[in-house]
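Which chain is which? They are A, B, C and D, in the order written, and residues in each are numbered from 1.
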Amino acid sequence: MGEKITIGIIGAGRIGRLHAENIVHIPKVRIKAISDIFIENVKEWAHQIGIESVTADYHDILNDPEIDAVLVCSPTSTHVAIIREAAGAGKYIFCEKPISFSVEETKEVLEVVKEAGVKLQVGFNRRFDPNFKKVHDTVREDTIGEVHIVKITSRDPEPPSAEYIKNSGGLFFDMAIHDYDMARYVTGSEVEEVYVQAANLVDPVIGELGDIDTAFTVLKFENGALGVIDNSRKAVYGYDQRLEVFGAKGSVTAQNEHPTNVEISTADGVLKDTLKHFFLDRYKDAYMNETHAFIDSVLYDKPLVCRGNDGLQAELIAKAAKESFETKKPVKINRETSRSF
Amino acid sequence: MGEKITIGIIGAGRIGRLHAENIVHIPKVRIKAISDIFIENVKEWAHQIGIESVTADYHDILNDPEIDAVLVCSPTSTHVAIIREAAGAGKYIFCEKPISFSVEETKEVLEVVKEAGVKLQVGFNRRFDPNFKKVHDTVREDTIGEVHIVKITSRDPEPPSAEYIKNSGGLFFDMAIHDYDMARYVTGSEVEEVYVQAANLVDPVIGELGDIDTAFTVLKFENGALGVIDNSRKAVYGYDQRLEVFGAKGSVTAQNEHPTNVEISTADGVLKDTLKHFFLDRYKDAYMNETHAFIDSVLYDKPLVCRGNDGLQAELIAKAAKESFETKKPVKINRETSRSF
Amino acid sequence: MGEKITIGIIGAGRIGRLHAENIVHIPKVRIKAISDIFIENVKEWAHQIGIESVTADYHDILNDPEIDAVLVCSPTSTHVAIIREAAGAGKYIFCEKPISFSVEETKEVLEVVKEAGVKLQVGFNRRFDPNFKKVHDTVREDTIGEVHIVKITSRDPEPPSAEYIKNSGGLFFDMAIHDYDMARYVTGSEVEEVYVQAANLVDPVIGELGDIDTAFTVLKFENGALGVIDNSRKAVYGYDQRLEVFGAKGSVTAQNEHPTNVEISTADGVLKDTLKHFFLDRYKDAYMNETHAFIDSVLYDKPLVCRGNDGLQAELIAKAAKESFETKKPVKINRETSRSF
Amino acid sequence: MGEKITIGIIGAGRIGRLHAENIVHIPKVRIKAISDIFIENVKEWAHQIGIESVTADYHDILNDPEIDAVLVCSPTSTHVAIIREAAGAGKYIFCEKPISFSVEETKEVLEVVKEAGVKLQVGFNRRFDPNFKKVHDTVREDTIGEVHIVKITSRDPEPPSAEYIKNSGGLFFDMAIHDYDMARYVTGSEVEEVYVQAANLVDPVIGELGDIDTAFTVLKFENGALGVIDNSRKAVYGYDQRLEVFGAKGSVTAQNEHPTNVEISTADGVLKDTLKHFFLDRYKDAYMNETHAFIDSVLYDKPLVCRGNDGLQAELIAKAAKESFETKKPVKINRETSRSF
């Protein structure tokens, strides 16, 4: 591309605004427009940070020939349609995860993106967390040798509202999907087989909505490695996000982050802070880094760290996890054509 | 019992000697005799630490009316016969794990012990490790609330010899059985269902012997909690032994032990020791504590921390694990009569 | 004050720019102007982040009646004159540390500020670091009881240039002054006596310039507590910034920060990252928080966390430290009138 | 020496018994006799662990030609006389610290030992702690380069009784003397100058007895390095024993030891155990290792790790510390003849 990139943002909710604030002052970036159906709430904020125009209709963004790239931050149910149109308009696309709740729809829209020849980055922000990235790099540099075991701990500080759960796609598609992506990212291998053992232990309301809140997902990778992810919707001590990769020559682990490194020693023991609680706080740098990487990718034609196929593969694992939970059996993933993305 | 306890030790291998040295100077304990088929190797050592007599025939110990209790430290294949005779002779029994490689034989001999009315402690030493005991106690005191998740990491520093593996009963009966016991111990609940995903990744020789060296065992407990154990036969950085219990009100974890707490900071990073390597070093206090607890139990009629039924239950889990690995399906444990021990 | 605050920044070097970027998008803040003698380097950056005007002459800022407050980020040698003028113009003042290299000049200009009745905050940014602030708060809440001992470790990753050292005021005024302030901040007590043992160990060039690079400062506080600070100009493993306060009921410590929490375990040991290296990275949040606190103080008349007298007291300690080093004796601080600020 | 060593122990208090239990079962060691003026308390214990004879008169030990070496574990006030006699009898000597409370007496008796040509080890047990030994070795291997700074934290969990304090020789001779030895041990350099800042903050009773309970000792070493030790008689969170050596190429630190590595995470924070509390528990391995080293030194003529001169040098520092505290000035150490030991 040229010297500068002009961006439009579709959706000005929590994440859309975060991305805007993270990139608006990068010298080579111009955020020309942002769209949101609740336009009145957005205007003052957009003006303050220097976004030029605000619109209720995202087509204004897609139809603007000056805009090179769009960030799709609207609800998941709208992703497929918007990506399809954006690809048709020749825009580069950053899309929040998941692409959709349907593996079939995701495949179809990735086909469209492929034919349009535009770049698509999926918002698996954790790949850009400095801790997890260092784990990934350490594995790639062969410091720990051939990978044997991957363990991911991923627990939210508190469950979302019942309303949220209803539309979330369930724990596997909403929450564990981040961890499925992380497992692929750090091993560099596809998942071959999935087994789930899960339960409703945190809150009976979640069970009544047909979802679970506590789960193990056991993974078998194509390269022979084994993985296990444990998810819980409620860790009272904070947002518990750990990663361990174990191999023939050692292991590498990412420990949790605390708001401070202060230790208080009294006759009762040595006390440290609970973990960082809020995901935007825990992954502050990751969100910053992922949009910077997208912009660099567009400006300098660097390879994408997280492509459309990564979104699809994580969905395939989530789908298999759901099936394993329902059938109480290990489930093999049928990948056939999916690699072409 | 009375004021003093007189003990005989059957088997003077590494563990038998360790137990002898751990208890010989407790004022209320008299080790009257030790037996071993290789008697010549034992004599000088036994004399030096003050054991009165050495014999090649363990019946000399069982027939001695002065001896109150025996420690069975001979090979696993001899346990059942010796326990049967010792119970018949009215001796209290401490037996190394596992009781046997056959769930049926274990059940039968426990029936004999029960009828004889003698105490039997099984040598799951890790219950007596100060770290794991504290995890157990923290759970019992309800500090972390209802248990949702148990995670055990249990990796040996290096695989045993091919010779050892042949006679070991396999990873599930030889190695993971400790972790199965730990899972029951910290949750205070029986295991209902077992699923295994395992592989031969460390050394092809192990696979050729029909064994695996890398395994996940997923457990479902009767109280609703979920558990996962990961085993590896080879962690190059040392003997990796961790435990985490997560519940409604928090979590409790036992981290690894290092030979020193020294940290070296240079331009390359901050470097700490590898983990303690040798199991006798890592579990030094645990071995000490378990024999003391047995002696206290006999002298003061305290309840046993680790009974015959604990040995049986761990074997039932190991058996189910093996079946799950072979059938590639989750396996339910049939427990029926087993609780009577 | 009113609903909004209009700010001018004097000096657009590294720190001036950092402050500007940290506050420019706070809704209640308007940065109207920035001045710098090298105006050409500043223009594009200022425009990009939305500062309205750029000037070579800081008087343009002081004479602008719309501007409520100024941030003085110019070289130390200019502070006294600018503060004097700014106070005369009725501006609220944030001034980088130290106020001056002369205790007498500092006293005089604080007298002027006092008479003008304007607020003055000194830029001891470390008071606003979340770690150190938590140590301070823990002490204030009496968690560790009466303070007995304060220990501060403060080591730079690498020495500054010879050019910088020449104009720095020396280690006590340039580097340790931060630690002297921290010692007062966490104990809440004035320093009564100072003893220094110091040496030139890092680089002979520093010694040739008449400065030292390695120093202990021992403090005796009015409340009876004892303190020690160790400074070094070169810690190859990063920016080593630790704090420990020990008292009758316990202790509280702030440990160092690492870029990641990743641990790599191999046969060589367990390796973590070196420390954060760059001070702007280590104290990123502190710089953010200190300007926010200044703005809140002006807008809502909140008490200042770090006042002119705090700047003066730290300079008094630095002066005593220098004298102790030169005389090789403990030096008492004569404080007489200094408390009136 | 020969194949075996025959030992006599003088003094069967807490430390004498500990040493006896630590070495009695080493195959090459025979403890032939132990002496104590309260002989009746000792008999049963000595019999139980296999010591052959017990006597009220230590001369029985010194006069026994079979005995090669003696451990002097009697009160400090008796050390000089016993060492003198033992050297005269040609025994190898292990003596608890300090040799005496008088630098002059210590020098005289070391002269006697030198002339007798017997080995003398002083009981600075901390040199044999695996943590501190590793710090020492790391420095010797030049991993951290030329030493610039040594920091020792040494705080007791609770103050001794008033009775003990009266006869202790004061904080510098009783408590800090261990740290003075450690400072010499890790730097490998003699101390040139001492400055003390100290206070009575823990308990007024200590002050009434003429002692202090909180102290900094600042050291200047002959090799140019600087050191600081902070002592307190009361750390409510346990026995706080840390060591840090900082140099041109990095730093090495020994952190504290906890009874377990368990962490409990709840909504209140992450809680670890207080530190190990009892010195015999904290330095269990150190006490074991120091007697083994003494025995090895005698049996195999290995160099002593801690000689008479080490005892003397630590006393010289303690004496200078006391003088600095009294005169409120730095004090230079006059070492002249002292190196000949």
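In this text, a contact is a pair of C-beta atoms (placed from the backbone, for glycine too) under 8 Å apart; a residue touches a chain by one contact, two chains touch by 3 or more.
Computed from a predicted model, the values in this text were never measured in an experiment.
**Student:** Where each step is a move between two chains that touch, what is the least number of such steps from subunit A to subunit C?
**Tutor:** Step count on the best path from subunit A to subunit C: 1.
**Student:** Report back the single chain whose CA centre is most distant from the CA centre of subunit C.
**Tutor:** Chain B.
**Student:** What whole-number Å value describes the gap between the mean CA coordinates of subunit C and subunit D?
**Tutor:** Taking the mean C-alpha position of each chain, the two centres sit 43 Å apart.
**Student:** Taking each chain's centre as its mean C-alpha position, how far apart are subunit B and subunit D in Å?
**Tutor:** Going by mean C-alpha positions, subunit B sits 39 Å from subunit D.
**Student:** Let me have the rounded angstrom distance from the C-alpha centre of subunit B over to the C-alpha centre of subunit C, please.
**Tutor:** That gives a centre separation of 58 Å.
**Student:** Mark out which residues of subunit C touch at least two other chains, giving numbers and ranges.
**Tutor:** In subunit C, the residues touching two or more other chains are 235-237, 249-251, 265-267, 273.
**Student:** Name the graph shape formed by the protein chains and their touching pairs; answer line, ring, star, complete or other.
**Tutor:** Here the contact pattern is complete, since every chain touches every other one.
**Student:** Which of the residues in subunit C end up touching subunit A in this complex?
**Tutor:** Residues 21, 25, 27, 48-50, 130-131, 134-135, 138, 143-144, 249-257, 259-267, 273 of subunit C touch subunit A in their complex.
**Student:** Where on subunit C does subunit B make contact in their complex?
**Tutor:** Against subunit B, subunit C makes touches at 235-238, 258, 265-275.
**Student:** Which residues, counting only subunit B, touch subunit A once they are in their complex?
**Tutor:** Per the touch definition, subunit B meets subunit A at residues 146, 148-149, 151, 153, 155, 193, 195, 197-199, 201-202, 214-216, 218, 220, 224-226, 228, 230, 232, 234-237, 240, 246, 248-251, 328-330.
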